[in-house]
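These notes concern the structure reproduced below.
Order of writing sets the labels: A, B, C and D. Residues in every chain begin at 1.
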Amino acid sequence: MTADPRPALFTLTTGPVNCYPEVLSALGRPVSYDYDPVFQRFYQDLSLKLQRIMGAATVPVILQGEPVLGLEAAAASLVGPGDHVLNLVSGVYGAAYGGWLRPHAASMAELRVEYDRIITPDLLRQALRDHPRTTIVALCHHDTPSGTINPLAELAEVVRDHGALLLVDSVSAYGGTRVDLDLIDMLVTGPNKCLGCPPGLSVLAISARAWDHMKANPAAPRGSILSVLDWENAWQAGAPFPFTPSIAELNGLDAALDRYAAEGPEAVWARHARTAAAMRAGVKAMGLDLWAAEEAFAAPTATAIRLPEGVDETALRDLMQRDYGVVISSGRGETFNRLVRVGHMGPTAWPMYAVVALTALHGAMSRLTARPLRLGAAIEAALAA
Amino acid sequence: MTADPRPALFTLTTGPVNCYPEVLSALGRPVSYDYDPVFQRFYQDLSLKLQRIMGAATVPVILQGEPVLGLEAAAASLVGPGDHVLNLVSGVYGAAYGGWLRPHAASMAELRVEYDRIITPDLLRQALRDHPRTTIVALCHHDTPSGTINPLAELAEVVRDHGALLLVDSVSAYGGTRVDLDLIDMLVTGPNKCLGCPPGLSVLAISARAWDHMKANPAAPRGSILSVLDWENAWQAGAPFPFTPSIAELNGLDAALDRYAAEGPEAVWARHARTAAAMRAGVKAMGLDLWAAEEAFAAPTATAIRLPEGVDETALRDLMQRDYGVVISSGRGETFNRLVRVGHMGPTAWPMYAVVALTALHGAMSRLTARPLRLGAAIEAALAA
Amino acid sequence: MTADPRPALFTLTTGPVNCYPEVLSALGRPVSYDYDPVFQRFYQDLSLKLQRIMGAATVPVILQGEPVLGLEAAAASLVGPGDHVLNLVSGVYGAAYGGWLRPHAASMAELRVEYDRIITPDLLRQALRDHPRTTIVALCHHDTPSGTINPLAELAEVVRDHGALLLVDSVSAYGGTRVDLDLIDMLVTGPNKCLGCPPGLSVLAISARAWDHMKANPAAPRGSILSVLDWENAWQAGAPFPFTPSIAELNGLDAALDRYAAEGPEAVWARHARTAAAMRAGVKAMGLDLWAAEEAFAAPTATAIRLPEGVDETALRDLMQRDYGVVISSGRGETFNRLVRVGHMGPTAWPMYAVVALTALHGAMSRLTARPLRLGAAIEAALAA
Amino acid sequence: MTADPRPALFTLTTGPVNCYPEVLSALGRPVSYDYDPVFQRFYQDLSLKLQRIMGAATVPVILQGEPVLGLEAAAASLVGPGDHVLNLVSGVYGAAYGGWLRPHAASMAELRVEYDRIITPDLLRQALRDHPRTTIVALCHHDTPSGTINPLAELAEVVRDHGALLLVDSVSAYGGTRVDLDLIDMLVTGPNKCLGCPPGLSVLAISARAWDHMKANPAAPRGSILSVLDWENAWQAGAPFPFTPSIAELNGLDAALDRYAAEGPEAVWARHARTAAAMRAGVKAMGLDLWAAEEAFAAPTATAIRLPEGVDETALRDLMQRDYGVVISSGRGETFNRLVRVGHMGPTAWPMYAVVALTALHGAMSRLTARPLRLGAAIEAALAA
């Protein structure tokens, strides 16, 4: 092994992902002054384009930092001293989010499942019965460190029936699968996953109820980078920005949205689903195991593969990069060194990238485990999926 | 006048500024996975390059949002319940910063001067005598809404003599004029002004004393976008990032630093100074007044021009953009509609851009005031400055 | 003066010119295989867009080299052993073109005027009476080394009345001023002047008569880079290319055409005309002379300024670049060291660039001649033009 | 099948190829005036860099059009009325080149082999004995439509022993395999194949003998795009260009050379060889046949695969693009519909791209032939090669 790591030929991670070429071109557009009326018009048009494409009830808020900013700001802005939060935890990210929810709330309860399983409507109904005062339910849609996806639409109905607000982290699923915003009060996502942009922005789609709730929250940040409220009217040409927006990132988002609309969201979701199906079929045919306890739990935008006994994840990923130029993601926290993850997001959400990932995975894994692994079968299964 | 504003030909603002072409090209580089070892090496090299070019005592911290993030995070991280802050206020930004300092401190005092004047060492000495318990002094180096620059080096000596820590906002001066970090404990800047990058990152140069102070601060944020401490070791290849860095912006910063070093900081500062001198000479020869009470108070990176009685700043800037394609900046807060500002930052810090600004300013101003204004004299004075 | 020349801040030449930002972005688009059906569709769409925007009778031919290729290929393809050519010479480029026309023709006559004058319809009528067998008339529309423009529309009527074919070099005028193709049989231009692209392509608009004439020409090149005929059907998706087209340049042209159409050709021509008028007014008010014997002869896309006695053009241009960052063009051949030229093409065709050029010209010229030169008057005249 | 062809995900053709990201970024650099001294310095540095990297005896000439221009210009410039040419024909391109050599020569003989075979030193020696007056030998190094590579170094020795000049078309091999220029008098290549640039330039490496021969050639073009002689001194800063060079393409070439030198030519050649070896092993293991009569004849930069009886090449390539997003090349002329070709050039010269090509080839071919084809075996063989 040489001292220098080999540059990636294929970045098949759960993000940052490869950007679309249209996005890379757009990042190099001239940078405007934020009070230039031409830029203000652009920002308004971009915000309305976002609303139209997302089908959002109000104009989405763009925050000027990658989605962890959106998530922290959403928690700080929405959750107030009168709120009782129920945090749904099916993985590392959902669990961690509790740390941002709890300090702002009157109380926080958790509904936990194993990290290879998902939150079901029945479990949620029971939890709401146990915590009847719940005013806000928080959900991590795709808990990326596990590659598992929760049944958002069904859970949203349960929350709505209860009358609570639903706050969703859909950072790594939005844009790669259908998300209906009708029953979601605050959805946090970013353009840097399935939309194929670099990290640097958050997008928040907010219901009218959630706006009212934030405005009534005496502790909601104002005059801070953590404020959502400050940005309420910033989309309007002529209205001031709370601070300077990230112009180049916005140019990239603009190109990404145009591209997404031109290809057609349904077509984009379909190839994400096909790629994930190919990956899962290939993993199983190769002789490895999915992390998800049931295949139906596995996300359409990333596939988590359980590491065989004794295989070190760092050794595996190093070999994949060194010998095949393929970069994939590790686990995080409790899933670290128990699984590896292949992302299918944006420009790499095509089945051929599953073939590439399976090929590199097979080559590296074969040197680290005695378990018999079948490459030909894996690829044939992937292509037949 | 048409409904559509005319696109800017010359963005001569106090920021966002035009980017250098090298930066625009670099923004379109492929986006790497942040845990790709090649990227981690890049991030380490970039951080060390930043330290070398800045002459910083420790490896500077890059925060992933434009400098308002850096400023808010610096205040929250450095200032703790045991601190007595003296905030030096010579303008709108200095005054506003008090709002981020005060909530974290045991107490905060202010030293205020008129917004067309500067903080002098004598005033500061007196203030420290009045507030002997002061542990932290906060200074806005170039208070952009006034276009005035405080004598940083001399003030820093006074602070050091007192034994307090010095926290400096040098967002819109750093890179356009000499800044010696030896006596500064925390300097917040960003690549989006004189370095010619888009807005999207903050840079913090931090003394060893300031690191110790932050670590001893029980209220310093952790696990938040406002945390500085979380990023202490992030520059080291192999160390984890607190969250995903803004890869494209970092690529731009890398190109900007290379460019800055290749031209030579002294040469860069010299052309900023020459451009500002040209602008001031031109403004005076034209028959207008500088905002700064004394010319020596005027910044080398922006020039604020006092509006003649009865001239509306919006009308003025609209005419300049419509008829000449020249975009300049308005005042802010107390200086709004009392002055306009021409930035000389990065790629537009060349005297010819002062000629462009003066030409457009003359053309528009002549239609809004009866005061006699001389264009030829202005340009000749600018070129002779 | 340092050893290193100073990088240009303002490239105000007669070409290569600054490119539009949209073009620079488009040059970085991914490069397709030329037999990829998606590319073939793109090439067809681009060719038809070119026809629509130009108002051409047939689909224009794109040749894969800067316009000297187009000019040499046009001469070789159109002019055959049965042709009697009349070459109209009002400048260096028109004269030089005779060298490419004569070898292919049965005979070639020339109509010559002084290089600060233009070809008039009367002169042309007389020349055609003197050379009644003329089958092809060749005209350089804007003879760039003189900055003079011939009255294309009127001359075209004279040629049509005679029955000859009209071959026009409009490389440095097309896109910056109105050109009606109805009476032109072969117009050669390129995207690298007023359309704001880099040099690398030629565009030929060809009448049905000219196609017939080329096809009947037994000496017209085939199987050569000089062949126009080989490209007749290349625009059709599915038809083969004679050789690989210059993909990146075509991407740039595509963006340039979109930009041209979006701004509106009339608006583009108007700002070229305004900029040239500003430049001429400024030159005269400064105390210098236009090269053109009458102002009406001066081109809308470049302004030639007569050098005062004893002023060396190289010294002048070196000073302008060194001290102001402004790059302009020299004369060529017979006009070398007798004039200098300022281009107003594409992105620099705005009056403020005339101010920039006049400022630098004044500054440098003042050091090289004792003639009194007035800067203020020049700029005021330019802005009033 | 939809009406719209599907955009390529993988362009694995024999050119145009994908460009390196560094090249795409460089294409968007600002465009300079060609008489700007800074550009002239750049052009000189670039030319000398090219000489150094190529190991050329004289400064290589850059012609401003893709390599067909270089090939036509080389023939027209080098071959004169006193020359007896021996054209070595092992494929379609070698044969076609005769059409550009013959018209300029006193005589032209051909040495022909079947298009799946190569020219051997013995055959060449015999041909030179048969044509002892031969003054120039022309060789197509890699006859791309056959994917076969001639033994350049050995043939060059035979030519040198004879005393003739050797003119080599190495367009699609240079940069992907070792080429020693010592015994080559004129090598024509281009940056648009293994160097990973877009098409638009030719590069000619020329021996001192060949310069003398061209200068002594009374028919060598001058004042034409076909002239090589015109460009002899153009590389020198301060010397005029015969016409405007293609600035953006030169910027791309500059970045490509830097990248090539940084990776190291030996490393670049090695991965081209490994990828071709992987492809050949995979093709054979799949159950298909190489076009080359012997595997040793197959090129390191492209692999030609013989089409099974009854398989239509258009149907095959359409399926590969539609269902896998993989674009490969067809045959040309005599090889059309008898083979397909996968390029391994520049950024796609990595074995994983052979896996991608084999996967798509298998998927499409399986639907067009009853021949049993093994995907797993193919990929395993490719990876083991």
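One rule holds in what follows: a contact is a pair of C-beta atoms (placed from the backbone, for glycine too) under 8 Å apart; a residue touches a chain by one contact, two chains touch by 3 or more.
Everything numeric in this text was worked out from a predicted model, so none of it was measured.
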Identified repeat of the C-D interface (over half of residue pairs identical), from A-D, A-B or A-C: A-B
Chain pair showing more contacts of the two, B-C and B-D: B-C
Most remote chain, CA-based centroid, reference being subunit D: B
Distance between chain centroids, defined by C-alpha means - subunit A, subunit B (Å): 34
Between subunit B and subunit C, centroid-to-centroid distance (C-alpha), Å: 45
Centroid distance [mean C-alpha coordinates] between subunit D and subunit B, Å: 52
Numbers and ranges of subunit C residues touching at least 2 other chains: 24-25, 28-30
In the complex with subunit A, residue positions of subunit B that touch it: 4-8, 11, 13, 15-19, 24-25, 27-38, 41, 64-66, 68-69, 72, 99-100, 192, 198-200, 223-226, 243-249, 252, 321, 327, 329-330
Interfacial residue positions of subunit A with respect to subunit C in the complex: 21, 24-26, 28-30
Residues on subunit A engaged by subunit D in the complex (per definition of touch): 9-10, 28, 324-326, 350, 352, 355-356, 359-360, 363, 374-377, 379-380, 383
